[in-house]
Structure formats: C-alpha cells, structure tokens
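You will see chain A twice below: alongside chain B first, and alongside chain C after that.
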Partner chain A sequence: MNSESYAYIGRKQPQIDGLAKATGEAKFTTDLVLPRMLIGKLLGSPYPHARVRNVDASRALALKGVKAVVTGKDVPGKKYGVFVSRMDETGLTVKARFVGDPVAAVAAVDEETAMEALGLISVDYEILPAVFDPEEAMKEGAPVIHDEYERNIVADTHYDFGDVEAGFRECDHIREDNFFSQTVSHATLEPRGVLADCDVAGKLTLWTSTQAPFQVRRDIIRALDIPASKLRVIKAHVGGGFGGKADTYPMQVAATLLAMKTGRPLKIIATREEEINVRRRAPMSIFTKTGVKKDGAIMAQYLKILADSGAYSSTSILMMYNSGLTCMIPYRIPNFKYDGYQIYTNKMVTGAMRGHGANQPRFAVESQLDMIAEDIGMDPADLRLRNASQKGDTTVSGLHFVSCELSRSIEESTRNVGWKEKRRQKGTNRGIGIACGGFVCGARISGHTASGTNIHVHEDGGVTVITGSADIGQGSNSVMAQFVAEELGIPLSDISVIAADTETTPIDNGTFSSRVTFYGGNATLLAAREVKQMMAGIAATLLKSNAEDIVFRDKLVFVRDDPSRSIPFGKLAKATEGMGHGRLIIGQGQWAPTNTQFPDKKTKWGNVSGSYSFATQIAEVEVDTETGQVKVISITIGDDCGQVINPLSVQGQADGSVAMGIGHALLEQLLFGSNGQLMNPSLLDFKIPTAMECPPTTLLEVGTPDPIGPYGAKEIGEGLLITTVPAICNAIYNAVGVRITELPITPEKILKALDEKKRREKP
Partner chain B sequence: MKRRLELTVNDECLDVEIEPHRTLLEVLREELGFTGAKEGCGLGACGACTVLVDGAPVLSCLTLALEVQGKTVTTVEGLVKNGQPDPVQKAFVDHGAIQCGFCTPGSVMSAKALLEKNSNPSGQEIREALAGNLCRCTGYQKIIEAVGSLAKPR
Partner chain C sequence: MSIFFRRLPKFNYVKPEKFSDALDILRENKDGRFRVYAGGTDVIPKIKERVMPAPETLVDLKGISQLNYISHDEANGLRIGALASIHDVSQAPVVREKYPMLAQAAASIASTQVQNRGTIAGNICNAVPSADSAPALLCLGGKALCEGKEGERMIDLEEFFLGPGSTVLGDDELLKEIQIPSAKGKGVYIKLSPRSRMDLAVVGVAVFADVEDGIFKDVRIGLGAVAPTPMRAKTSENRLTGESVGDQVIEEAAAMAAEEAKPIDDHRASAKYRRMMVEVLVKRAIGQIISH
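Presenting the complex of A and B:
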C-alpha cells in the first residue's frame, strides 16, 4: 500500500490534545493541586565540594507553617542512576559535589514559608578542595569527587575498528584539528516539578514532569528503599524535555520523602534558576584526525573526546558511546578509532540532550570535512556524496542500515537551494554550507527497552489506547492514535490515549534516544492488528466473507470487492462483544527490534538500533563584517525519516531542531564562576532564539518506507539537530572565510577572526 | 495585611483578599484557579504568563495584582466563548503551532492582542509581536503561520 491510499498515515494531523493545550485546560505538574497540599523547597549547597557534617533544622522547624525538614541523612543512601554500573546519586546528599547540590528539603504550608525556612536551616560543612576543569580533574592527585572513580573518569569508551594506522598510511591528505562544543541548557519552557501524595496505607503517587516515569519509579524505590508496588508515577502534561527530564532528579526523591514524612500531598516546582541548574548538555573538547584519498574517499578517522560530566554520571556511558557510534552513521569509514572520556567535575550535571553525544563530534567532523574539501579542491557536497553510507551497508563497527537515502538527501537538498551557483557567488557576505548526519531509532546498549500498548474497543466503537510511551510535547499520543486510526479505519476523534503511568500502562523505558515512534509505534500497531483480526473474523461471519477480505475504513467495515456489504465499526464492536458467550475486544502489543545486538563488551561491535535516520542540512547565512552578527537566512533539509507519519509534527520537529541549532551555534552558553557556580541561570542571561532569529525551514522528504519502522517510519526528533550547527559553521566560512572552531560563534569571535584573516592576507 | 482586589476576569466580576505583594500571575493561578497562564521564568523573560489587561498584553509575573484593581483581565481560558475556542486557539491547533503547549497560552494571548489591534499583520509584524514569547519546541514557524492565517486583507 503506498501512502496515497492511507487514510491517516502521511496526512497532517493536529495534536489530539491540541485544543486542551490551546485553551489552558491541559494540566502540567505546576497546575495540579490537592487538598491540604504542602509546598516543598530544596536547599542547595553554597560550596562546590563539601561534606555535610551536621544539619541543624531546629530554627526552621520552629517556624509556624513548617511541617518537616529532611536531609541527606534521611535517605537510606542507596544510590540510583541511569545505568546500574554508574549509580551515584542519592537525591539528597551528605556530600555536596556542586554549587546547588541539594542537601536538605523543607515542607511548609506555602512557598513563602518554605523559602523562609530554608534560610533558617544551618548546615555545618567541611569544605573540600574542588576541581572544575575536566583536564585538571583527570590528573593524578586531583580532588576525588566520587570515591569509586579514579582520576574522576566516569566513562571511558574506546573503539578501534579496521586498522587506523594502515588507513592513514594510504591517505593522500590528512588533517588534524581541535574543536570545542560549549555547554547549553535544555531551556524547556516548563520548569520541572513534582506532586507527591501518600495515602493512609502508605501508597505513594507522583505526578511529575518526566520523559521516563518507569525510570523515576525504578530510581525512587531504590533511593528510598520502598517496594515498587508502593509507588505509582504518572507523567503529567510535560512542557518539553529534550533529554533534560530523562533521568530522575533530586526534587522527585525529596518530594516523595516529604510526602511520606508528613502524610500530606506536597508539590515542588523548580524556579527557572533551579531548573537550569539540574541538567545541561555536556561540553566537549574534540580532537579529530581524518585522512582521505585524492578523490575524497575517507580512509581513516580518529577522534579523541574529553567531556565534562559535572558532578554526577547521568547518562555518561551512553553519551560517550553515542559520540563514537554516531560518527559511523553518515559515511563509509573503513578504519575508525575513538577514545572518549567523560570526567567528573564540581559543576552541575551534564546529561542527555537532543542528539545525545552526537552533536558535538558532528560539529567537529563536518567542519573538518569542509576544511579537507578545500585542501584537496573538492566541492564539500561532492565530498560527502563520495563517502555517503548506502542502504544495506554494515559499518566496520557493526551498524547495519536496512534503509538509507543519504545520497538522495544530498542531491535533492543541493539542487533545491541551487548549491553550485550559490557556492560560487563572490563579493557578498552571504554564504552557504552543508552538513550530513544520521541517528539511531532507539539505541540499546544494555537492559530492556521494549515498548508496549494495550487497546480497548468500547461497545460504541470508541477506542482507548493505553501506551507506556511518554508524550512530552512532541506529539507521540497523536502518532499512536494515528496508527490505530489507520488500522481500524476510525477518526482520531474516536480515540483517546492514556499514556505513561506506571500503574496502568505497559512498561516503557521512556522518551529518549529517538525511540518512541519506532518502538511504541510498532507495539501500538501490533495491538491494533490484534483487535482488527478479532473484529474482522466477526465481520466475515456477519457479511458472509473471509476475514482477509474485510476492510476497515471511514468508520465502516466492508467486503473489499463489494463495499455495499458493510457494517458500521460501532455496530461491529457491539456485535463482537455480544457474540457467543460474550467477549472483550482487547489487543496487546509489545515490541523491540530483533536485528540488534548489545555492543560487544570489549570491542563495542554491534548493531544497536533497528534502523537509522539520515539527513543533509544546508544553511544560508549572512555575516555583517562590521558587527560580526550572523543572520541565518534559510535552512534546507533533505531528510530520510522513512515514511512520514504526520507531516505537521515532522515539520515541527525540523523547525524546532533548527531553532535549537541556531541557539547552539550562535547564542547559547552556560557560564560558570570561579566556584563552579552557574553565572547565568535565567532566560534573561541565557538567551535562546526568539521568533526574530528563526528562519523558515524547507524540509524535503527523501525517505522511503523503512522495512522495520511502523508503516516504514524512522526517527526525526533528534537527528536533525545535529547537523544544524556545522551547516551554519560551514556557511559562515563560505561567506567570509573565517573558521570558528569554538562554539558559540559570537560576534566577537567573528570580528577577531576577520581581523586575523586581514592581517594574514596583507602582512 | 491583606487587601481587597476587585477585578473582572474572563467576563466575571470577582473580588479577593490578597497580600499586596502578590503578582497577578499568582492570584490568577492560585487564588482564582485560572492556571492557563504559566510561569516559565517569573522574571519577564519568557512571555508564558501573558494575559490581557483591558485588551493589552501584559506579563502577569511582573504585574502586581493590585495594579489591575477595577480592570478587565482576559486569560487564555476566557477566549473560549459558549464552549467554542477562539479562532486564534483553533488556528494554533490546526497549524501545528503547539507542541508541548507550555508557551501556548502566552503566545495565544500575544497573538490575540496583535490581531485585535491590527487585523492584517505582516509576517514581520507577527514576529515582532511574538518576540517576547519564547518557545523551545516549535521554532516559531508554525506559530507565525497560524497567526498569519487569520490576517484579513483589508
């Protein structure tokens, strides 16, 4: 069946909860209120590294309206974290490892009282030497941030595929360059929060802003040593995540503890300052060495990356794995070596952020490819075309591409923008640049990552979809509904979705690694097909036909060759329930790809994702050589995300990625003071792009249906962002001939580079 | 000491006793139950708290509640008339201008204020009117399209 014949797949669908969001009806965690609800606040350490000797909360507890104070001593101290091998958080700590690390929490009748109480808690700290720079932190003798990690190395990941030295020997040209990608904030518009409730039987319920309620449950039951059956975690409406809400945060642990202690509901909502201080993108120093033949064929590549972990591990090992892995996706690289290190420092924590570990090396490699293209006198688009991965390829690291339209994406995007002509334009300050990339559809490097969906058909033909997949704003509830609508031939308005509740929905790892449409979508399809099969059997009996000849479309169920023999979907639902001894129309689906392996423990060889997305991005910029300002004029994307399920949300992901990429390339940077404290934790000082800076994006869909993705769909949520930054960098070079290797590209850096260039040119 | 505040919110005359330092955003959300307006920053940087006061957009996180004594406040909830969403709300939904929706109440109110003042705004005017409403999800394109779809050529 091609997409023309679909009723819902590939068609623009507004989000099913769009109106609730547009009218203010959608309830985010901050909007939730329970009777007798208390307000909680966290007390963060003023020191970057300090042992808590003692906490005296007597004055706080004496304040009218204060109901409880808890400290690091009140948590059992069982560590939790994203990876079993890297569990290092306790929620509230007895040893502060960054400025703001929560050491105590208070419950009070209102926010003002809670704030006042914080000021009355006196903490006796033993100040420890601190270290802020990853390079310093990995030296012998540097302060140890977590006892178990020598030289503060939390992740070191190494690949060595093919024979890199031999590969370099075959090259006609080799470049070695250094790059630095800065640290930025997720800056979700919604600051994170949690509402915890404890009933008389001791059962706890959490409503929270999270991408992964099942992970939150897993971590909190560990941290507080309570049985899994005693904790229910429900995802409220989430105001954006981008990776920042993928792991459990201290506030969630503290709120649970305070609710247990007070026996009252308790809510904690982060201020923007607190929000920014929870997670950020890891800054990385990247050394890249790439060698090519005269014709541009890449023969060997080596990357060495040093990433700052901040005070805790978060996703460290996956991030460092990704940084290497994603270098293998867009191009055929016969010999590849990678050394990735992530280092603890006494600064706030870095973690997953859209593109997770791929963005930083992509920026480096794509910048360097343009430098190589210039060195060998080749068009940068041709260089990429020369090396582009192809369908059916297995990389030296074991990744296998069951679908891949990267070449087509390069050809179509360059054609669309008039690449050859524009590259040739001289004497203007306009330029055009290209970058390619690819991403996983859910990388699995350990543990279980299956997704599940249950479907109930009601007697009037209404359908409830119950899925573990967490909609954090990207619209996955709507996509799941679309799959069901297509299978059962009913409109989205007849479908409601219940999602991401540890008690009522199937288990799901969460929304990250661009896995939701791929995994959750396939699970939903299986559930829908089970329902369909049951109903088709009944329809065949009623319509005197065969189940294989029954079609579901436009709320009707009919015989393919004789549509006049039909029954309305609602009637069929009723009939199905009433047949024989009566039955329930329930479908169940669970799914994980079967063509993947865990990466080999030693070599890291293995296909970690069922499929991979591919994209080319072309940026056109204008540089003001007087002020150093860069204006992004347009972004054109050739994208292979397989079959597009919802063009509205696919375009939305593209637009949003581009905006975030512009921020990363040109505007954003978190700054730290001499104590490792965050210097710009506000949206006034940490500027993200506004409606004034974001150009229109042209999205060219070049993909073909993927054999594994649901209806042929692949990811689009993360893979696009990783190419925006280098495309802009390359466009700037094309415009004014300066190459900025340290992000963000501020006007000062442009002016300085222009100045140096001028001096170089006329000595 | 609590003070009495009388105001009209979404066509309803209300009065409340409030501490004088309470912001309009706090009073709307916590005292009156209008949780549509959101706090994204509390410092006037994000626009998520935008409501209309006598038809003009204001940042309710920076407005003391007592400043709107006797005035008319419209929140995103108040745009729904007889169960029907406002054309601006509908356009946001239909054009895909909403992803997570946290910025939406603020952006919708800024868009509403713009269209009341200028029924045929240009793309540039729309961008300018929405420049104070940060959105981290949509890249603004679909918001601009949604508002543009309501522009009525004179």
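Presenting the complex of A and C:
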C-alpha cells in the first residue's frame, strides 16, 4: 500500500491538542491549582564546592506563612540518577558541587513568602577547593567531586573496531584537527515545574513537566524511600524538553518531600534563571584524525573527546557512547577508534540535549571532511557520496541499516539548491556548505525499553488511546491518533489520547533517543490491529463475509468487493459490545525491536537501534566581512525519516532544528564566572535566535518506507539538528575562506580569521 | 551581570496624578529614598536583582496623564512628554515623517512588550551607554526640560549624561519633556547586535547630515555603547563639515570617530571590536544618507 492510498498517513494534520494550546486552555504545570496549595522554593549553594555543616532554619520557620523547611539531611533514601551505575544525586544535597546546587527547600503560603524565607535560612558551609576545567579536574591531586570517581572521570568510553593503524597506513591523505563545541542551554519555552499532592492515606501524586514520568517515579521512590505504588506521576502539558527534562530534577524531589511533610499540595515553578541552571549541553574538546584514499574513500578515523560533565553524571555514559557511535552511521568507515572521557567539574550539570552527544563530533567530522575534500581537490558533496552508507550495510561496530537513502538525500538536496553553480560563486561573500548525519530510532543500550498502548472503543465509535509515550510538544499524541485513525478508518476528531501517567498508562521509558514514533507508534499499531481484528470478526458475521475482506474507511466498515454491504463504525462498536456479542473492545500493544542487541560490554559491538535516520543539510550564508556577522540565507534538507506520518510535524521539526542549530553555530554560549557560577542565565544574554534570524527551510522528503518503523516511519527529531551546525561552518568557509573550529562563530572570530588570512596571503 | 532574580523588597508605593504632586513628593528626596519610575522596565528588574537599593518609596509616574503626549509644530519642533511610550514615539506619523532616525531608534529598543511599557524619557534617564534612543536624540540636538523645587531648567542632552546609570538630574528633579528642534537634513540609526531583534546594541551609531550641492553642511554623529555615556563624535563631525562628499574624507572621518570612542571589553564584545565597528557603521550611515 503506498502513501497515495492512505487516508491519514502522510497527510497534513493539525495537532489534536492544537486548539487547546492556541486558546490557552491546555493546562501546563504552572496552570494547575489545588485547594490549600503551598508554593515551594529551593535554596542553592553560593559556593561551587562546599560541605553543609549545619542548616539553621529557625528564622525562616518563624516567618508568618512559612510551613516547612527541608534540607539534604531530610532525604532518607538512596542516591538516584539516569544510570544505575552512575547514581550520584539526592535532590537536596549535604555537599554542594556547583553554585546553585540545592541544599534546602521551603514551603510557604505564597511565592513572595517562600522567597523571603530563603533569605532567612542560615547555612554553615565548609568551603572546599573547587575545579572548573575538565582537563584540570582529570589531573592527579585535583579536588575530588564525588568520592567514588578517581580523577573525576565519570565516563570513560572506548571503541576499537577494525585495525585503525593498518587503515591509516593505507591512506593517501590524513588530517589531524582539533575542534571545540561550546556549552548551550535547551531554552525550552516552558520552565520546569511540579505540583505534588499527598492524600490522607499517604498516596502521592505529582503533575510535572517531564519527558519521562516513569523515570521520575523510579528516582523519587528511591530518593525518598517510598514504595512505587505510593507515587503516581502524571505528565502535564509540556512546553518543550529537548532532553533537559529527561532527568529527574531537584524540584521534583523537594516538592514531594515538602508535600509529605506539610500534608498539603505544593507547587514549585522554576524562574527562567533557575531553569537555565539545571541542565545544559556538554562542551566538548574534540581531536579528529581521518584518513582517505586519493578517491576520497575513508579508510580510518580516530576521535578523542573530552567532555565536561559538570557536577553530576546525568546521562554521561550514554552521551559518551553516542558521541562515538553516531560517527559510524552516515559513512562507511572500515576502521574506527574512539576514546571518550567525561569529567566532573564544579559547574552546573550537562546532560541529554537534542542530538545527545552526536552534535559535537558531527560538527568536528563534517568540518574536517570539507578540509579533506579541499586538500585532495574533491567536491565535498562528492566526497560524502563516495562514502555514504547504503541500505543493507552493517558497520564495523555492528549497526545494521535496514533502510538508508543517504545517497539520494545528497543528490536531491544538491540538485535542489544548484550546488555546483553556487559553489563556484566567487567574490560575493555568499557561500554554501553541506553536512550529512544519521541517528538512531531509539538506542537500546539499557534496561527496559519496550513501549505500550491500550485502546478502548466506546459504544458510539469514539476511541480512547492510552499510551505511555510522553507528548512534550513534539506532537506524539497526534501521531498515535493518526495511526489509529488510519487503521480504524475514523477521523482524528473521534480519537482522544491519554498519555504518560504512571498509574493509568503502560510503562514507557520516556521521550528521548528519538524513540517515540518508532516504539510507541508500533505499540499503538499493534493495539489498533487487535481492535480491528475483533471488530472485523463481528462485522464479517453481520455482513456475511470473511474477516479478512472487511475494510475500515471513512467511518464505515464494509466488504472490500461490495462496499454497499456496510455498517457505520459506531454501529459496529455498539453491536460488538451489545446484545448477542457482549465483547469489550480493548486492544493492547507492546513493542520493542527484535533486530537489536545490547552493545557488548567489552567491545561495544552491537546493533543498538531497529533502524536509523539519515539526513543531508545544505546551508547558504552571507558573511558581512566588515562586521563579521553571518546571515543564514536558506537551509535545504534532504531527509530520510522513512515514511512521513504528518508533513506539518516534520516541517516543524525541521524549522525547530534549524533555529536551534543557528543558535549553536552562531549565537549561543553559556558563560561561567571565576567561581563556576553561571553568568548569563537570561534570554537577554543567552541569545537564542528570534524568527528574524531563521531563514526559510526547504525540506525534501527522500525516504522510503522503513521495513520496521510503523507505516515505515523513522525519526526526525534529532538527526536533523546535528547537521545544521557543520553545514553553516562549511558554508562560511565557502563564502569567505575562513575555517572557525571553535563554536560559537562570533563576528569577532570571523574578523580575526579574515585578518589572519589576509596576512597569510600577502607575499 | 545578572544574578538570580529575587522577590521585590518591601517599599511604599505612591502614584500621584498630577505633575506638581510628584514634585512635592520629591522635594525632600535624597540618597535614593524616593525612586521614580514610568514604564518600570529598567527600575523594577534592578531592584529585584539588588543592583539598585530598595527605595523607601517608589513613585509611579504613570498616573500623570498630562505628560503622555507627542506634539509638533514648525516653530518649536518635536515635544515628547515624559510618559510617551517608546512604541508611540516609534509609530507617531510626525516622528516617522520628520525624524525617521528617532522612529528607527525607538523601534529597535528591546521587544514589543518593553516598547509598549517603557518610555523614551525613561530610556534617557536610565542612562545606560547602549540606550538606543540616545545617539539619535544627541544628533537631533535634543534637550531635556526638567523641573525640581528650584523650578524649570532646560538641559542639553549632551550635558545630561554623567556616566553609566548617572545623569545631572537632581534628586528632586523630574524630566518633563524632551524637545527636538526642527532641522534640515537626513538621519540614520544603525544598531549592531547579535540578534536583529530583542537585543542590546553592541554598537549604536546615529548620523544626521545636511548635504547641499555635494557639500556636507551640517554633520552630527552620535555613538552608543562605546563610552561611559552616549556621545557625539565631534572631531569626526568637524572633519566632514564644509567638505565635499567623497570617499576619502568619509573614511578619515569614520576612523576619527573610532578614535574618539572610549569603549570597554565586556561579555558582549571587546573594546577593539567596538572601535572597529564604529568606523564601519559611521561609514555605512553616511553612505546611506548620501545615497538617498
């Protein structure tokens, strides 16, 4: 069945919660109010590294309206964290490890009182020596941030596939270059927030802004030592996550603790300043060595990456795994070696962020490939075509591509922009650059990873989809509804979705690793097909046909060869549940790919994802050689995300990726002071692009239906972003002949490089 | 730089409805006991961030509706009441027609929300070096009509600024009206910032020039964010005045403006870059004027 014959798949659909969001009716955590609700605030350490000797909250507790103060000593349970092997957080700490690390929390009748109370809490600190630079932190004798980690090394990841030394010996040309990717913020529209409620029986409910309610439950029951069944976590409407809300955050632990202590509902909403200080993208220093034959064939590649973890681990080991893994997706690399290190420092924490570890090395490698192309006199697009991964390939590390249209994405995007002609433009300060990438559709590298969906059909033919997949604004509820609409032949308006509630929906890992459409979508398809099978059986009886000849379309259920023999979907639902049949129409689906393996503990060999996305991105820029400012003129994308489910959502992902990529390439940088404190926690001084900085994007769909993804769909949320930054870097080089290897590319760096170039070129 | 926002400290709040009542309140003001504010887009965040000490009493001027006006006549030029919003100034037909440089500068300030709330008078009284309206007002020969317990006085805006956040206004004084004389010539404001909207100027350059028969008759150059106060680049202006329009003289004048600037290094840009940009932008602004 091709997409032409689909009723809903591949067709533009507004988000099913679009109206609620556009009118302001959708309830985000900050909108939720319960009777007798208190407001909570967290007290952060003013020191980057300090032991809390004592907290005197007596003055705060004496303030009218203050109901409770809790500290790190009140957290009864064990440390929590994303990975069992790296659990190092407590929510409220007795040893502060960065400026702003929460050491106490207060509950009060309103925000004003809570903020005033923070100023009345006296904390006696023993100040410890601190370290801020990962390279310094790795040295013997550096201050130890977590006792269990010698030299502050929290992640230490190595691959050695093929024979890299032999590979380099076969090369005609080898380059070694250093790159640096700065640290940036997720800058979600909605700051973090949580509302906690504790009923008389001691049952706790949390409504919170999260990408992963089941992980929040896992972490909080551990930190507060409460049974899993006593804590229900419900995802509210979420205004963006980008990986930052995949982790449990201290406000969630503190709110639960304060609700338990006061017996009253309690809400904590982060200010923008507090929000920016929770998680960020890891800065990485990247050494890249790549060797090619004369014809451009990559023979060997080696990367060494040093990443800053900040004060806690968060996703450290997965991030460092990804940094190496994703290098092997877009190109055939027969010999690959990688050493990745992530180091604790006394600064705010780095963690997952859209692209998760892939962005930084992609910037380095794609920049270097352009340098190599120039060295060997090859067109950079041809170099990429020469090495592009193909359908059916298994990489030297065990990744297997059941679908891959990277070559086509290079060919179509270069054709669309007029690549050859534009590359030849000289003396215009305009330039064009290309970059390619690929990404997983859910990396299966730890624990439980299946997703699940239940479907109920009501007596009028309305359908409720109950899924563990968390819609965080990316639109997964609408995607799930589209799958159900297509299977059951009913409009989206007849479908409602309940998602991501630890008590009522199937368990789900969360929204990250670009897994939601792939995993959750397949689970939803299975559930819908179970419903369909049952209803088709009843319909066959009523229409005197066979179940396999029954078609569901346009709210009708009919016999394929004789559509006049039909019954409205609603009537069939009533008939199925009613007299004579008396069946409950419930469908259940759970899904995880069966073609994956956990990576081998020692070698890291294994196919970690059911399928992989591929993308080519071409940026056109104009450089003002007097001011050094760069304007991105256009972005053209050839994207293989398999079968597109909703072209509007896919375009949204493209536009969002381009905006985030422009910020990362040109504008954004978190700055730290001499004490490791964040210096620009505001959207005035942390400069995300406005719509005025974002050019039109042309998205070319080059994918073919994937054999494993639901209706052939693959991911698009992360794989696109990782190519924006290097495409811009390469376009700048093409425009004015300067190569910036340290992000962000500020006007001052451009002018300095232009000046150096001019000096070099003078005889 | 920014620290975490905190709650507003406690203070008294008054909202006079007459200008004379506001002056009465300020009569005994000293040591920041009373602080006045109009839009509040600068004062309130400063108090929250503890950059400005909490006053005993905050005086809200928004109730004085008699100061919300923009008027113009050929004899007196433009008058902007202290409560005229940045948005109103940027959109007023008379400003757009007769003083397009000022409309341009006002429209470049912060965001739409801030423009709706903030006032041009407040942008001047806040006295940050990067105030977008200042270079344009300096070029246009703007004057501040102020009043205190000693009565009214007219202050040339060139004499108004003392340093970052500091002006010649006395504790008992209020800026009542900004006056801009009619002038013949064309003006341009160019703002350089990382983002094209919702941003602060890294460098702001305003140039006003009257070019007659290929001769620079009257040239004024205002610079923002490159000295402790918004400033005029007079050496550069003098280099041009009376000269025939030509590339070389423009380049020399632009280089002189860069020399005159006294920029500093900060997290937004280096002094060196700012100085270079003064030269680039002065050249561009003059180019835009003469090409019209």
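Here, the second predicted complex is superposed on the first by the 758 of 763 C-alpha atoms of A that agree within 3 Å, B and C clash if a C-alpha of one lies under 4 Å from a C-alpha of the other, contacts with A are read in each partner's own complex, and residues count from 1 in each chain.
Criterion: a contact is a pair of C-beta atoms (placed from the backbone, for glycine too) under 8 Å apart; a residue touches a chain by one contact, two chains touch by 3 or more.
Note that this is a predicted model, so its numbers are computed, not measured.
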Which of chain B and chain C A:Glu715 touches, first, second, both or neither: neither
Chain B versus chain C as contact partner of A:Glu116, first or second or both or neither: second
Touched partner set for A:Met692, first chain B, second chain C, both or neither: both
Touched partner set for A:Pro747, first chain B, second chain C, both or neither: second
Chain B versus chain C as contact partner of A:Pro191, first or second or both or neither: first
Touching partner for A:Gly240 - first (chain B), second (chain C), both, neither: first
First (chain B), second (chain C), both or neither touched by A:Thr30: first
Chain B versus chain C as contact partner of A:Gly656, first or second or both or neither: first
First, second, both or neither for A:Ser682, with chain B first and chain C second: both
Residue contacts with chain A in the superposition, chain B compared against chain C: B
Residues of chain A at both interfaces, chain B in one complex, chain C in the other: 271, 682, 684, 689-690, 692
Contacting residues of chain A [partner chain B, same complex]: 12, 14-15, 17-28, 30-31, 186-191, 237-240, 242, 271-272, 472-475, 648-649, 651-652, 654-660, 682-684, 688-692, 694, 696-697
Contact footprint of chain C on chain A as seen in their complex: 44, 100, 111-112, 115-116, 119, 271, 273-274, 277, 626-629, 666-667, 671, 679-682, 684-685, 687, 689-690, 692-693, 746-748, 751
List of chain B residues in touch with chain A within their complex: 29, 34-46, 48, 75-77, 79-80, 85, 89-90, 92-96, 98-105, 108, 126-128, 130-144
For the chain C and chain A complex, residues of the former touching the latter: 1-2, 4-7, 192, 194-200, 267-270, 273, 276-277, 280
